[in-house]
Amino acid sequence: MEKKLMPLKEAIERFVSDGDKVALGGVGRNRCPMDAVREIIRQGKKNLHLIGREKGLDFDMLIGAGCVSKVSFALISLEEFGLAPNFRRYAQEGKIEIDEHACGSIINSIRASAMGIPCIPVKGFIGSDVLRHSKTIKEFICPFTGEKLVLVKALNPDVAIIHAHKADEYGNVQLFGSPWEDIYMAKAAKKVIVTVEEIVPHEEVKKNPHLTAIPYFYVSAVVHAPRGAYPTSCDSYYNYDDEHIKEYVQLAKTPEGFQEYLKKYVYKE
Amino acid sequence: MEKKLMPLKEAIERFVSDGDKVALGGVGRNRCPMDAVREIIRQGKKNLHLIGREKGLDFDMLIGAGCVSKVSFALISLEEFGLAPNFRRYAQEGKIEIDEHACGSIINSIRASAMGIPCIPVKGFIGSDVLRHSKTIKEFICPFTGEKLVLVKALNPDVAIIHAHKADEYGNVQLFGSPWEDIYMAKAAKKVIVTVEEIVPHEEVKKNPHLTAIPYFYVSAVVHAPRGAYPTSCDSYYNYDDEHIKEYVQLAKTPEGFQEYLKKYVYKE
Amino acid sequence: MEYKVSELMISLMAREIKDGDKVLQGLYSPMPMIACLLAKHFHAPNMVFFNTADAVDPDPSEVPFSTAGPKLQENCVAYLPLAEVFDLAQRGELSLIFLGAAQVDMYGNTNLSVIGDFSRPKVRLPGGAASAFLCGFMDTVIWVPRHNSKVFVEKVSFITGQGYINGWDTRERLGIPKGGPRKVITNLCVMDFEPKTKKMRLVSVHPGVTVDDVVNNTGFDLIIPDEVPTTEPPTKEELEFIRSIDPNNVRELEFK
Amino acid sequence: MEYKVSELMISLMAREIKDGDKVLQGLYSPMPMIACLLAKHFHAPNMVFFNTADAVDPDPSEVPFSTAGPKLQENCVAYLPLAEVFDLAQRGELSLIFLGAAQVDMYGNTNLSVIGDFSRPKVRLPGGAASAFLCGFMDTVIWVPRHNSKVFVEKVSFITGQGYINGWDTRERLGIPKGGPRKVITNLCVMDFEPKTKKMRLVSVHPGVTVDDVVNNTGFDLIIPDEVPTTEPPTKEELEFIRSIDPNNVRELEFK
């Protein structure tokens, strides 16, 4: 087994390329890989195609920083803090390509990618304008039952970036609590960056193999990033910081304000 | 939450009906639900359609006891002890319907059932006579990529019967070690019987929710059945009993000998 | 006992849950979250409660602001990724989900995607989360904290979540198996859908609200029955539970 | 150092594994199981070893008789259900699997289903396990412990596992992306497939075996190159490892 523990800078340099399809873990303002998001912005990656289910700050920051050319998503919002300002701005100005999904299609698209199949049947969607505008969801009749469904295309992310609780230096990842799509993403992507709160000795992994949620061979880089999800939450370590998010919303109302936010919280590191 | 702890007799009476599609957990001579198999034979269930991946003694006994009209499988064998004698006899005499699969189709068929979709794309099979003879696997072209694959029909088991390590009386199941298809089966079937080595207090489940492999609402009946997988293994509790399997093979060579085996090990209980 | 409209709406949503139901609560769903806990605490103890924290039957000491937050894992019996809750839905085993909307039309179609043109929208909304998927085959209850004619419109700009599409038997004709919006619960009233035409119909007005208030704040012709009762207010026990589990007024989030 | 043919075959199978390969060992596969452990111990430390116990990289103190037995979980780093190993295979990330057969023809097609008619067979065999699936898109190595003309037949009764079907470019014409049997390892020799015709070809004969022995025990015309070397025997270190990890002679199971 190869040691994959490396600094965040190296992980992003080596495993995120301009133009990559990038799946980001977490949901809403919970366990999003924010340290990685900040590093991607610092490295000025371009033309990323972001993939995620119900995303917020992470997507909005990357969009505002000009890193993103396309988004595949079911929802991008700051929950009670309102619409995601950069996402809204870029979408309304036609500056990013919109691949709108519902949770059921984006999740199954990631799952199909993990399963190594090019598409997967999914229920629902018929009658929704989401289907009418989609290039990645098509109507389909089951040849066994005659049932009308849709087929969702596997999005096959190039990179998955997730923030987890623990890993050993080889990339055996322990992920407790809400899994969201993180495990599927790690199995779906060609390259996988995992930032973790704690690095644990390999012996601890071997003592509890049933706790290994993502075995090492899926993982390209392990980064020790305590509080790496901040200002989103990492359950059993820290909660989200709503004051920070409020400041974000206030500043990101304008492109200039967003630059100020980046200066204060991203470029300073 | 409803208490679902009940004697094996009641579980089989209530949740296994003649004609049911029955998925059995475990692989080879490991963690098969043998207590349940013996009880099904004692209750003389008929016309069962058995579903499983790589099965042995469990399928062979049920077939020999006349409980089975159809089998969906990738392999039925007694490993180094040879061909499964009852399966072989019944198949050669045309007394059971054969739905031959490979592991990849039977697993994905169970998985599709768990996912609630009527079919699922799978690679492989093209060029195999398994495909030519199958009514549940069809060629398929992906409308997104043009790739040639097959679609496997969801078999939708009526009942899944698995033997696990621990559960509480509500049916929250903890399953350590090799999962095989057991968890998928429990999520795929309409009715689920879980026999377990140990009943644990509900508090223990709540202390370790990440260990709950099958949450209670999937489960119809929990049966306390220590050594319930015997003579197959239950990892960390007991190993398979190869002497018993040798005796089985010796006796089951003839229908009369098999009846003798049943008298000695099944009807006596 | 005095109560706020958020508390009334929570009580109404809870009443949509029957004992034994399997219910999913989504992201940014503060009132549905509390409604699920309320139902489970009182009349639906055997309800299976799924949430956006992927926790099964959590029993939190208090509710969090983010409805996917860590607090929503407390005292759960298992974790189940949303993927598998959706699998249950596809198997026909999920009973109900509460869905929000920026626009709702008379057939219960909802929009959470765009105001204006899809490719160059006037307002880019967040997206419908589970809507286009789940509304295509299961029962939903729509909740609207601000009942006005900007929300209740003649025609939505974009059907994110399928209601009854063009009404009548449109769903059947499109091959949509079943389901559809069952109720619409707002800060003014409760509405359902007339069985034949599938047009939205007033069921009850909240205490202090008149039928005219509802009509004047709805941008299409609502079916008004001859008699419109007043909505049953929450009980003292319900209010006590809501206030004890929500000391931080998470339930007021959508009214600020 | 003296050795048994099982030990030679294990060594030959191990040599098919390159460092970094992801290899799956199936049910009733005693020699492949030991070959995987051997390869990982010596020349392929970075191999990812999957087995029928669903354990990733187990490092057992000794090998069990059932190749899905609990011993094959010892010292593993994770459990991965076979479903997900197959997902990896579908993603093109599984390197190799060893497959058995009751019959093999000159194009490497294998039969584990029936001798005779499918619906009323003369002999109902166990079924091909992973064969029809994995042989359809990935590299396989076939092992045959008893090389004779009942096993190596002109035409298999039933193609369970796809070899090169009718040879030449049949796989390509059927739309089978890649893969196919790479080697056939028997108790007499090693064979591969001539690149153009895809006919089976002798690679080497085991020490003490003649080319005639192979030809006389093969039911079709095998391609015999002008020079047929003798198979490289296992090393002393390999033999020591095999014997230490297999004190109960699990490796002899298929020769009894």
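First chain written, first letter: the chains are A, B, C and D, and each begins at residue 1.
Note that contacts are C-beta pairs under 8 Å (C-beta built on N, C-alpha and C of every residue); 3 or more make two chains touch, one makes a residue touch a chain.
Predicted model only: the values in this text are computed from it and were never measured.
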Winner on C-beta contact pairs when B-D is weighed against A-D: B-D
Euclidean distance of C-alpha centroids - subunit B vs subunit D, Å: 27
Between subunit D and subunit A, distance of the C-alpha-averaged centres to the nearest whole Å: 40
Between subunit D and subunit C, distance of the C-alpha-averaged centres to the nearest whole Å: 57
Whole-Å gap separating subunit A and subunit B, where each centre is the average of the chain's CA atoms: 37
Residues of subunit A whose C-beta touches two or more other chains: 116-117, 122-123, 177, 210
Contacts with 2+ other chains: residues of subunit C: 55, 73, 79, 89-90
Which chain pairs touch, all of them: A-B, A-C, A-D, B-C, B-D
Interface residues, subunit A side, partner subunit C - complex: 27-30, 53-54, 73-77, 79-80, 83-84, 87-88, 91-94, 98, 100-105, 107-108, 111, 122-131, 133, 148, 177-181, 183-184, 233, 235-236, 239-240, 242
Residue ranges of subunit C in contact with subunit B within the complex: 22, 46, 48, 55-57, 73, 75-80, 84, 87-92
Residue numbers on subunit D that touch subunit B, as the complex places them: 27-28, 30, 52-55, 64-70, 73, 79, 81-83, 86, 89-90, 112-113, 118-137, 158-162, 165, 170-171, 174-176, 253-254, 256
In the complex with subunit C, residue positions of subunit B that touch it: 1-2, 114-117, 170, 172, 187, 205-206, 209-210, 212, 215-217
Subunit B to subunit A touching residues, read off their complex: 116-123, 136, 138, 140, 142-145, 147, 149, 151, 153, 176-177, 210-211
